[in-house]
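Naming follows writing order (A, B, C, D and E), and every chain is counted from residue 1.
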Amino acid sequence: MAAGTSATPRGGFTKGNTDRVKEILSWYESDNPGVKTNLARLMNAGRLGGTGKFVILPVDQGFEHGPARSFAVNPAGYNPNYHFEMALAAGCNAYAAPLGFIEAAAARHAGEIPLILKMNNHDVLHDEKDPLPAVTARVSDALRLGCVAIGFTIYPGSAEAQTMYEQLREAAEEAKACGLAVVVWSYPRGTSLSKEGETALDVAAYAAHIAAELGAHIIKVKLPTDHLELPEAKKVYEKVNVPRATLAERVRHVVQATFDGHRIVIFSGGPKKDSDDAVFDEARAIRDGGGFGSIIGRNSFQRPREHALKFLETIMKIYAGELT
Amino acid sequence: MAAGTSATPRGGFTKGNTDRVKEILSWYESDNPGVKTNLARLMNAGRLGGTGKFVILPVDQGFEHGPARSFAVNPAGYNPNYHFEMALAAGCNAYAAPLGFIEAAAARHAGEIPLILKMNNHDVLHDEKDPLPAVTARVSDALRLGCVAIGFTIYPGSAEAQTMYEQLREAAEEAKACGLAVVVWSYPRGTSLSKEGETALDVAAYAAHIAAELGAHIIKVKLPTDHLELPEAKKVYEKVNVPRATLAERVRHVVQATFDGHRIVIFSGGPKKDSDDAVFDEARAIRDGGGFGSIIGRNSFQRPREHALKFLETIMKIYAGELT
Amino acid sequence: MAAGTSATPRGGFTKGNTDRVKEILSWYESDNPGVKTNLARLMNAGRLGGTGKFVILPVDQGFEHGPARSFAVNPAGYNPNYHFEMALAAGCNAYAAPLGFIEAAAARHAGEIPLILKMNNHDVLHDEKDPLPAVTARVSDALRLGCVAIGFTIYPGSAEAQTMYEQLREAAEEAKACGLAVVVWSYPRGTSLSKEGETALDVAAYAAHIAAELGAHIIKVKLPTDHLELPEAKKVYEKVNVPRATLAERVRHVVQATFDGHRIVIFSGGPKKDSDDAVFDEARAIRDGGGFGSIIGRNSFQRPREHALKFLETIMKIYAGELT
Amino acid sequence: MAAGTSATPRGGFTKGNTDRVKEILSWYESDNPGVKTNLARLMNAGRLGGTGKFVILPVDQGFEHGPARSFAVNPAGYNPNYHFEMALAAGCNAYAAPLGFIEAAAARHAGEIPLILKMNNHDVLHDEKDPLPAVTARVSDALRLGCVAIGFTIYPGSAEAQTMYEQLREAAEEAKACGLAVVVWSYPRGTSLSKEGETALDVAAYAAHIAAELGAHIIKVKLPTDHLELPEAKKVYEKVNVPRATLAERVRHVVQATFDGHRIVIFSGGPKKDSDDAVFDEARAIRDGGGFGSIIGRNSFQRPREHALKFLETIMKIYAGELT
Amino acid sequence: MAAGTSATPRGGFTKGNTDRVKEILSWYESDNPGVKTNLARLMNAGRLGGTGKFVILPVDQGFEHGPARSFAVNPAGYNPNYHFEMALAAGCNAYAAPLGFIEAAAARHAGEIPLILKMNNHDVLHDEKDPLPAVTARVSDALRLGCVAIGFTIYPGSAEAQTMYEQLREAAEEAKACGLAVVVWSYPRGTSLSKEGETALDVAAYAAHIAAELGAHIIKVKLPTDHLELPEAKKVYEKVNVPRATLAERVRHVVQATFDGHRIVIFSGGPKKDSDDAVFDEARAIRDGGGFGSIIGRNSFQRPREHALKFLETIMKIYAGELT
């Protein structure tokens, strides 16, 4: 039974943080209490509150891929309120979106769901091979909109990666000083990488590690394949025989590569899949590999609302250990 | 039953804001979503979460009156952790304290209880007749410590009042831009007022109105007596026959004087009372007069812990309407 | 025929500025187009739109005199919305109030009525002989709240006058750079003046002139008596025989003293008068003496709503020349 | 024989922090790793390194009382190098002095002894009753001089106390951001207090509490007498019967008043005492009462060098528990 | 016997700086006492404390080469705590790493080991021929994390070298003003150089000299071969017959090229070598050539922990002169 459903006035966190939340917070001991507070808010919100697991709803695809590609299949998604309400109804830990989508509905949903402001964005009207997203919002926007974190995308492998790293450093420094958490989308991409290499295990692990070294509190990467891209890395993987046959093993490797599991790593749902079960299997693999959860956009908002709610409930049950 | 007690992972605000919380937030529509978010956090936390009623634990008496006067009767209160844990265990909406007390325990209780940073403080080692508190913290401290609001004391009636008003203006402007709520302690005091006048009905109503005009989101005043202090005001009260015989009537007048009930007004518990019932009667009067709740320091932490928890539970039941 | 009174839909500025509005704007040709735009908004709003005449509703008495003295006689006035709605229904040119009253209702009445933010305020809980109001808002507040002007009070004659003049200079400089108009309440007061002297003709004219010299666009003074306060001035008035027998003559002198009528000078209504006719006679004198209008607070909101609307309509008709 | 000349290279902290140092650091968990590093440096330096006990050499008496009063009895002390060498030879945890004394010898003793820069100072050429020290150095000076902490004096009870508190807030905020620790000398003084009251138990406890609330990491107060100064406090001390007969009991009370022992509180040695044993007895009382150590200026540098070294060695043995 | 092992409470630097440390510090007499203090801290820490010799543990390979290439062979190294503990247990002078690795464990190891924050980093997901690392941290990060120095990589020979030199200048200027030491990794690389030329003697000497000219306090270069790359330089080397047959001779030349031995020059261990003896021989050559020590990453953390500790102990004994 969710909080606040009884006749008794519901109360927020009257029990305090769970042991698991405290353990995760202990990994961030260089951070100030403000950052820890917002990390706790993320971990205490929604259906998975207190478990240290995450299901986050991101909706930046309108900007990144275009509105019709993103919303025409379920037109309710054109409306910014739809996603706040979806994240709330489904019991997500947070909702992440660019400036405009947050501005459009943050006031009427004040305090209902932790918000992550996506600070940089890229569109495909000009789709360069070595992309550099535009920085489309500031830390001060995150504060005035009541967000708990900033979100920032880097493309390791792009010829423009250095610029993104430096933009991230600047944004992260300011965000941390203001007590905001830093969520980094680390998506390998660019002329140095093959298409297959973008999700190669070695590349995914490397991308997650870079984000952690840059000071990210929460790192989002794509689910890796068993491909190995970089010749020097391949030698090591094969010599040491890093397990990578199953998705759970690959998730485990990425988590290990991210400070031996001492940073929160979550995985993206990727393009819409027709099969719910395929996504559920991914969630099981993330859970079994020690991953911290999923960030599921298209697979949420491109399904009809009732279907999406049922779908997200199943994923959360998988993370909560209520379903095997 | 409080949130998070079932086997199911507890979830934060999965139902969203109640109608009452939405109504109260609608009074603050000039404010940005960040301020609304933090007001919602205050209203959604603790045992009274969602009701729009408040019981806040303030512990600035160590600074204001001295540590032994404040804590010797229940020495557990010398420890900064004690108050965080008390506020959490009792299900208060928030805990308010000066910089040092917040710094000492905010990290280990990150996210467990909304925090209000008391930004100015006064001590009685030099107890002037027209006091001016020192500004002992900044808005940036509130952000780095994960607070939802700043707290600021003004003394209308003091020859130094203008300075306090201007300090408040500056702090409030910065706080609001950062999405923090502004809580004002408005305590009439100074050479212009008689001792009796400090809690006179006309003076209390005036002090609450000034705080609201200065842009406070939440206003804390002392419970007023039926005394009338200012001759020009007295004429009007008597001519119009403002009801003031009962405490509930006087609370109703103060609430009316504060933008006709469109600002949150809460009332201080004052010095420790030996009788629990006396405080319960005050809470009933505040509730029946349309007040929004209590801020109860000495009557909480100067009682032994178990007694205090029981005592606060009763007060919350009164505000929740579970007790007449 | 005044703007907005006919059956023809009043429609913002579909006809452009009237000749009179253009003439008045021509006096402010050192100001930037932003300031002129906001002066034009003031002159084009309401029932008197286009005539160059003003009836402004100010409600700062809650702060200045206390809430009960101000609103108990007509308790609807405790509610900040009441005054926005009154100013709109009556067809006033503008509504002026301190920060809190503006914040409380500006969003829901966005764009309905030009707003003047009273930037400094004084209360009578500590009522010193040489008062210095507190600066309770900033130009940035006026911008974020959508105001057309700042309002600032000076007390020529106070030992603190220099401080006020310098605060005004700073505020006016910033306001003008941002395209906001500057409205100055110039109220002689302080230990240097006799009680009678506060409204003496020489003093009133002097106070209006100082405000104009300080860069005010619109100047508000009290209606002067025929008393002369300053000995050196008295000599001149008597030698030159400045006409001052009638109120219209005295108004004419004040207007003359204010850059020979090249600044907008309006007159305050003073404390509530039981007789409507007394106020109407004052309006006639202001009109006949070349004054630009009235700022009427207590005589508006201390009357019952329907009475107040009728009362204000009559005053506007006097200014519009529809009544003799 | 200099360090490092033996066959075994000496090593700094090759064993890491002791459990006691870790425990003390855990009280400062809102602080960044830089502050914790400098607190650890203070606790790991000198003969008492690792014990969590402190003996600090302060030499600001030249400024505060005049050079001859301070140094004529042992003229070696006129030389700034003397004190660095004394602190080092005696194995003190730190040396504290104003800007000039630090500048004069910091380079040649780089890294040999942790330094505390006294940021404000007061002289007696003008000895006002409500003193306000001058701020004579900045945080940037502490960084360029290689200091581990800033030192700041407040005089609770002075009419100027608010100013000092606000200066301290500003300095402490900057110091903490730069990773420097904040040491506060809290010396009650001013027209509100009797001479006896300056060291009264209630006043000393209050002064220590204020410093902690202002965010001090280390607090230095004078040893309290059993006098009680403030009437309201006296009532409580007598009612609750706070033990205060012995110096150890009084130290225990001050430590309790400072966040229940969760802040480092050290005690000043006061004017030079002819009897070594009197100082040793004080050290025993500080140790037995749970105090964290002594800051001993005049009793160190006004004794001849060899005497002083022997004297300090005995005090350190008392704190280390090597002497009863 | 290491400090702190006796019954006597261990004391940090109670003996002061050794003559050798004082001599080395004398080379930096243009620097402020803060820089000298942090240089002294580096020279006084660990097993080699006081000797003026260095063994530093750097762990930036996760960023520079990828996590699996760096840590898969000894997976304990994925954990950021592992390296702090290794540096401490081995008695290294310092630990150097990028922002994320420092942030992850600096608080729990506060003060235990001098830290060097690697301020710029490069990854090989996009491995351009003329690389420009990203600046991934700031001097303010070094301060808040309690570091003694910043570390900065330059690639002389890269088409982007000028940019790096200017970034270094800016970082070094700020670091020195704050009392932080500046450690420069000077690695020739880029399209202007042959692969062999990157470690050519003339190039290595040149790279070390450039770093010194840019104001580095400590310079890290690769061990040079006897290859000579630049034709103009080659002529001189051969004409003057600079000794370069042995590694010790080549080290001696690099040290000479770096201000005739008046700057600290240390040498990198390079890729993991299977033979411990090969590394020991290099250390002997560095020692015999007058080098100041080694910075050993992969050869430390890619060995199993016990092996690595034994391995580092041997190297330190070589530098300390305890082994020939």
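Throughout what follows, a contact is a pair of C-beta atoms (placed from the backbone, for glycine too) under 8 Å apart; a residue touches a chain by one contact, two chains touch by 3 or more.
Since the model is a prediction, treat every value here as computed from it, not as a measurement.
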Problem set entry | Graph distance between chain C and chain E, where chains that touch are linked | 3
Exercise. From chain A, how many touching-chain steps at minimum until you land on chain E?
Worked result: 1
Seminar exercise, completed: The pair out of A-B and A-D sharing more C-beta contacts is A-B
For this session: Please compute the C-alpha centroid of chain B, do the same for chain E, then give the distance between them in whole Å.
Result: 56
Seminar exercise, completed: So, in whole Å, the Cα centroid of chain C is separated from that of chain D by 60
For this session: Mind checking the centre-to-centre distance between chain A and chain D? Centres are C-alpha means, answer in whole Å.
Result: 48
Problem set entry | Where chain B touches two or more other chains at once, by residue number | 29, 103, 106-107, 140, 145
Exercise. Can the chain contact pattern be summarised as a line, a ring, a star, a complete graph, or none of these (other)?
Worked result: other
Exercise. According to the definition of touch, which chains form touching pairs?
Worked result: A-B, A-D, A-E, B-C, B-D, D-E
Exercise. Taking the complex as given, what residues does chain A use to touch chain E?
Worked result: 27, 29-31, 156-159, 161-163, 165-166, 169, 173, 188, 190-193, 202-203, 205-207, 209-210, 212-216, 230, 232-233, 236-237, 239-240, 242, 253, 256-260, 262-263
Exercise. Where on chain A does chain D make contact in their complex?
Worked result: 29-30, 32-33
Problem set entry | Footprint of chain D on chain E - complex, ascending | 1-5, 8-21, 25, 29, 32-41, 43-51, 88, 91, 103, 106-107, 109-113, 140, 143-147, 177-179, 316, 320, 322
Seminar exercise, completed: chain C residues touching chain B in their complex are 62-63, 65-69, 71-73, 75, 78-80, 82, 98-104, 106-108, 121, 123-128, 132-138, 140-141, 145
